[in-house]
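One chain, chain A, appears in both complexes that follow, with chain B as partner in the first and chain C in the second.
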Partner chain A sequence: MANLKDKSALPAYYPEFYTFPPFYTRQPNAASWSSQLSQWRSFILAYCRAHKLWRLNLADTMETDLFYNKSINRKLPLPTIREVVDDLVKSSNAEWLSSEKSIAYIYWRTPEDFASQIYSWIDETGQKGTVLTLLELTEGDNTTQQEWYGMDQTMLVKCLNVLVKKGQAQVFSVGDDKGVKVW
Partner chain B sequence: MAFRRIDLTPALRPLLLPSETLLFVQDAVGLYEGRYKVPNFQNGSAYLTTHRVCFVNNDEPRKFSVALELKDVERFELYIPFFQNGFLKSSPKITLYLRPSNPSLLDSRDRSTSRSPTYSPIPTPPRSSTPLQSAALNRQWICPICTFPNPFPSNFGHLAPIPPCLTCGVKPNRSILDAIVNSHTPAKHQNGISDDSILQAGIQRSKNACPRCTFENDQALRNCEMCGEVLSSHPIDDPSVARPSPSRDESPAPRYLGSVPAGEQIDCVKLSFRGGGEKPFHEKLKGAMVQRKWLLDQAPAVPAITSGAANLTLDPRESEASPRTPAPTERIVGVRGLERQNLALRMNNQRAIAGAFEDLEALMSRAKEIIALAENFATQLADNPSLANSDAREALSQSAAMLSLRPTDFTVTKDQISSSSSLSLYHAELARSIADFLADDTRSILKKEGGAITLVDLWAVYNRARGIELISPSDLESAAKLFDKLQLPVRLRQFKSGLLVIQERNKTDEKVAKSVVAWLDELSDLETRDTIADNKWGKSVLAKDAAEKFGWSIAVAIEELEMVEERGELVRDTSFEGVRWWKSPWYISE
Partner chain C sequence: MRRRVGLAALDRRAQDSQTRSTHGATLRRTHQSELTTQLSVFQAALSTFSTQYSSEIRQNPKFRSEFARMCTTIGIDPLAASSNRPKEKGGSIWSELLGTQVNDFYFELAVKIVEVCRDTRSKNGGLISVSEVQSTLLKKDQSTGGGGTGLQISEDDIIRSVECLKPLGSGFEVIKIGKTNMIRSVPKELNRDQAKVLEVIQVLGFVTIGVLVDNLGWIAPRAQAVVDDLMAEAYLWVDEQEGETSYWAPCSL
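Let's turn to the complex of A and B:
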């Protein structure tokens, strides 16, 4: 990350198209665009995963390495970013925070994936039946190695709701905090 | 009959002779020989030119197109049926009565060429021209003193004075000139008297031996390659040589003629005007028959001024042959003589120019001369180093170029098309003439424009070439829309943006895409060889680069690139610098 100008130092999750100038122009040709779109989708997800990014403020991230390749001086324009994120939303890899479409949650795993991960972790650590606060799950010392560590609270609730629907968990409020009990 | 197959232009119009002009076009015309309809010649267009009446079949123009020389027409008649809309419908017709063919020619030809007693592919030579004079023009006598080949005096006779040699000034012996007259005339009579003589003439012609130096020239040559002597089998004397068409015997018109009942002499040809238009055709035909433009070909141009001007511009032989030539009374030699000669020449040129610009009619009739003059001035100017003024030089050479544009070849005007037929015939003819214009090799307009020209550019170029009788943009568009229907070698293409472009028909999208991609590959090959850094994306181009490379205009270049993009073979990179084009890494060719 520190020396992105050196192309060879790019982390592996950067797609090869990162240095291809037309990659930053919305291709009018449908076939070209669909290839371009899928490249962008996987790049956004991989990037967010590597950087543990849960929510993407489009206006802010536009200037980051994700959408801006300084070495070739090309950036993906905002409408095109929206279009890509819209496509992610369609496949439930993302979710708009509001209808303005300026901030989006990025699920580099689907809520179902996260839910089953959390469930198996609770199962493995023998915490079934105990009440855990949501903060414990995302910020606790025990979960630093887990993929969902640092996850946004709202997103976590969404993931836990998957378990609730399956009848494997119950979410309740303890004052300002929220708790979850899995069985 | 005097019908001959004709050559067509790429746009399927009759190929005009150098001095021929189109007068009128009428569609929906059928052809009759005598009283009989000619099969395959019932639906076509009739082209009236200053020299010929041409018939071009609509469906199979390459096979069934013939022409009749106006010089073979003795008289003509217009027939308008009384009850045109009545029960027995008959179309108006124009009957062309042919001159009776030369019987001696006929007898000798029919056995060797065709079953038809009337078939004669060789029209009789025009009577009203002066064959002796035109022949004399091409003859030479050789000075016994200095061996210079002098032009044969046009007014040679027993009483006429003998002109001196042009270089050494010594008069030749009369017997020398007599020998030339005698050697030429019998050769002329030999042509086509008996089968044997024809055979011999054929052999002789096939070798085309020069009568002076005996060098065996190519058949197509008019003058000997070695000594410049005029060859005896001059193409004008024998049209069958001038128009070699090996499949003549199979040509449809004569074969039909062969099946006409024996003993029936066909002496007329009828044009049946099923779509109307007979009256204007008749009018124009009348005009053409009165003007007899075909005679001008043999004549040495407008006599009034040729004398001097031609001296400078045209073949010196010809000018010397004209009556003014020798003024034996005042012979001045030496430098003074040269000066005097120069002065006279300048005076004559002055007269030529003044006369030509007096009125348009005169200008047209003297066009040839004036063009030659202009060209001559241009070369003189270019040769003259003291004239540093390049502007003037440019202007002159440009005006010379403008003059030589020969607009008439490509012009179709509304008054050439009968008013009775709809506007679409005019547009169709216009489309053909535009196609000819674009296909013309000497201009190679399409090639210069990279194979595609926008309608706007074409309109400008075409109208400039016409010079007069300009066409309107809407007429051009309507004509261009007919390209496909008429199966012309060019096509109108509309790009996504609505830009209309005229292209060669064989220039398909695939071909363009292929050449663009190949070009990009080539560029990136160069790139990787030149620089050490490996740029795996190859090289990108701007529309401007493509325009330069392929000779397109910028608008066409953008459209073509977008077309290739549409096919998925290119991707664009829009930045504040403009749009750059890259070869698509995502493209999967089928």
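Let's turn to the complex of A and C:
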């Protein structure tokens, strides 16, 4: 039971603690918990980034590799997952969809970071002043290589609002879809 | 001189510049090989010199620091030199020359060790195995590239470096738990019971109160108290998901 170190078979973004059974029990000691919390935070972000996950349904995700290490039969309990996500919310890396705290958007980059990425992409591709639909941004052929490709529309609007606030963009409705213009 | 005109001049110019560059390359090559030879002769001489004047180096601090400065200037790393030497001769050129006296290399290494200990303190509560420090340093060394090519730091070097921190009273200390050397970077003494628990964890990977009671003949409250203390120091993490509550040490991860 002691030898669970098959970490080498896992992708690099898996934390060293992934195969450490106590990692799945919330540590009562404040110092240990703060270390545990920060490990879980970065792991969730890295995992969502690698799998291009934009929203986590906690009840479903609980059963996936993210929170459930089958090889050692350890599972992070739901209340602890909530606590970690709550902490991500504090740093604008996550947002609850509702007050029930069952589904959360995960921003593996903060909305500010995504906003500036989108802004520079529009600038570099000479599309300033052009109206782009939100679908073009997240599903378009030109953006497949971009980090925000496939992003949830609600999240995208939130990111774009960062630009709106700075007076760098305008978001409006185009038929059923929404459009954005950046200058 | 009459300026040359006509197409032949173009050809000639191209030819000239080519000859010049070939010649240049030959010169550079010769220079390089000469320098390499000189350097290796010099290194050999330096090595002989250091052996010949070892007592002088050991006894005369001024001579010693001049010698060290010379080595640094020409880019000779005392530690790198040591890894080429047979182990049984006992570590680096420096420890041979300077006896047990500490030197800049060990101080620099000590600084790096302190960094690793501090970086990992929140994770392991300030107790880390020497071998983990060693592998972390190696990783850092590789990721920064260049610098320490093939530079090998032995466990012995690390232990020696930590020893040289003692006068600072910073609480860094090498302690032996079971068969493993650990660096303790928080100024807290481990009592015998606590050390025993960590030793059992080294063997089994974890402990439970039951294991301690059965194997050490302790009564349960004693075992619980020791474990609670270690938990409070962040040396141990608890796992409550399988049968009896078990305790694990992140430092032996």
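Everything below uses one rule, namely that the second predicted complex is superposed on the first by the 176 of 183 C-alpha atoms of A that agree within 3 Å, B and C clash if a C-alpha of one lies under 4 Å from a C-alpha of the other, contacts with A are read in each partner's own complex, and residues count from 1 in each chain.
We adopt the following convention: a residue touches a chain if its C-beta (ideal position, glycine included) is under 8 Å from a C-beta of that chain, and two chains touch if they have at least 3 such contacts.
These numbers come from a predicted model, not from an experiment.
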Open item on the list: Let's test your reading of the overlay: on chain A, do chain B and chain C clash or fit side by side?
Closed with: clash
- [ ] Answer with first, second, both or neither: which of chain B and chain C does A:35 touch in the superposed model?
- [x] both
Task: Contacts of A:80 with chain B and chain C, given as first, second, both or neither - done: neither
Open item on the list: Looking at A:21 after the superposition, I want to know if it touches chain B, chain C, both of them or none. Which is it: first, second, both, neither?
Closed with: both
Task: Partner contacting more residues of chain A (chain B vs chain C) - done: C
- [ ] Take the contacts of chain A with chain B and those with chain C, and give the residues found in both.
- [x] 16-17, 20-22, 24-25, 27-29, 31-32, 35-36, 73-74
TODO: Give every residue of chain A touching chain B within the complex, in rising order.
DONE: 16-17, 19-22, 24-25, 27-29, 31-32, 35-36, 73-74
Task: Residue ranges of chain B in contact with chain A within the complex - done: 536-537, 540, 565-568, 571-575, 580, 582, 584-587
- [ ] Can you check the complex and tell me which residues of chain A touch chain C?
- [x] 1-3, 16-17, 20-25, 27-29, 31-32, 34-36, 38, 73-75
Task: Interfacial residue positions of chain C with respect to chain A in the complex - done: 122-123, 125, 204-206, 231-232, 234, 237-242, 246-248, 250, 253
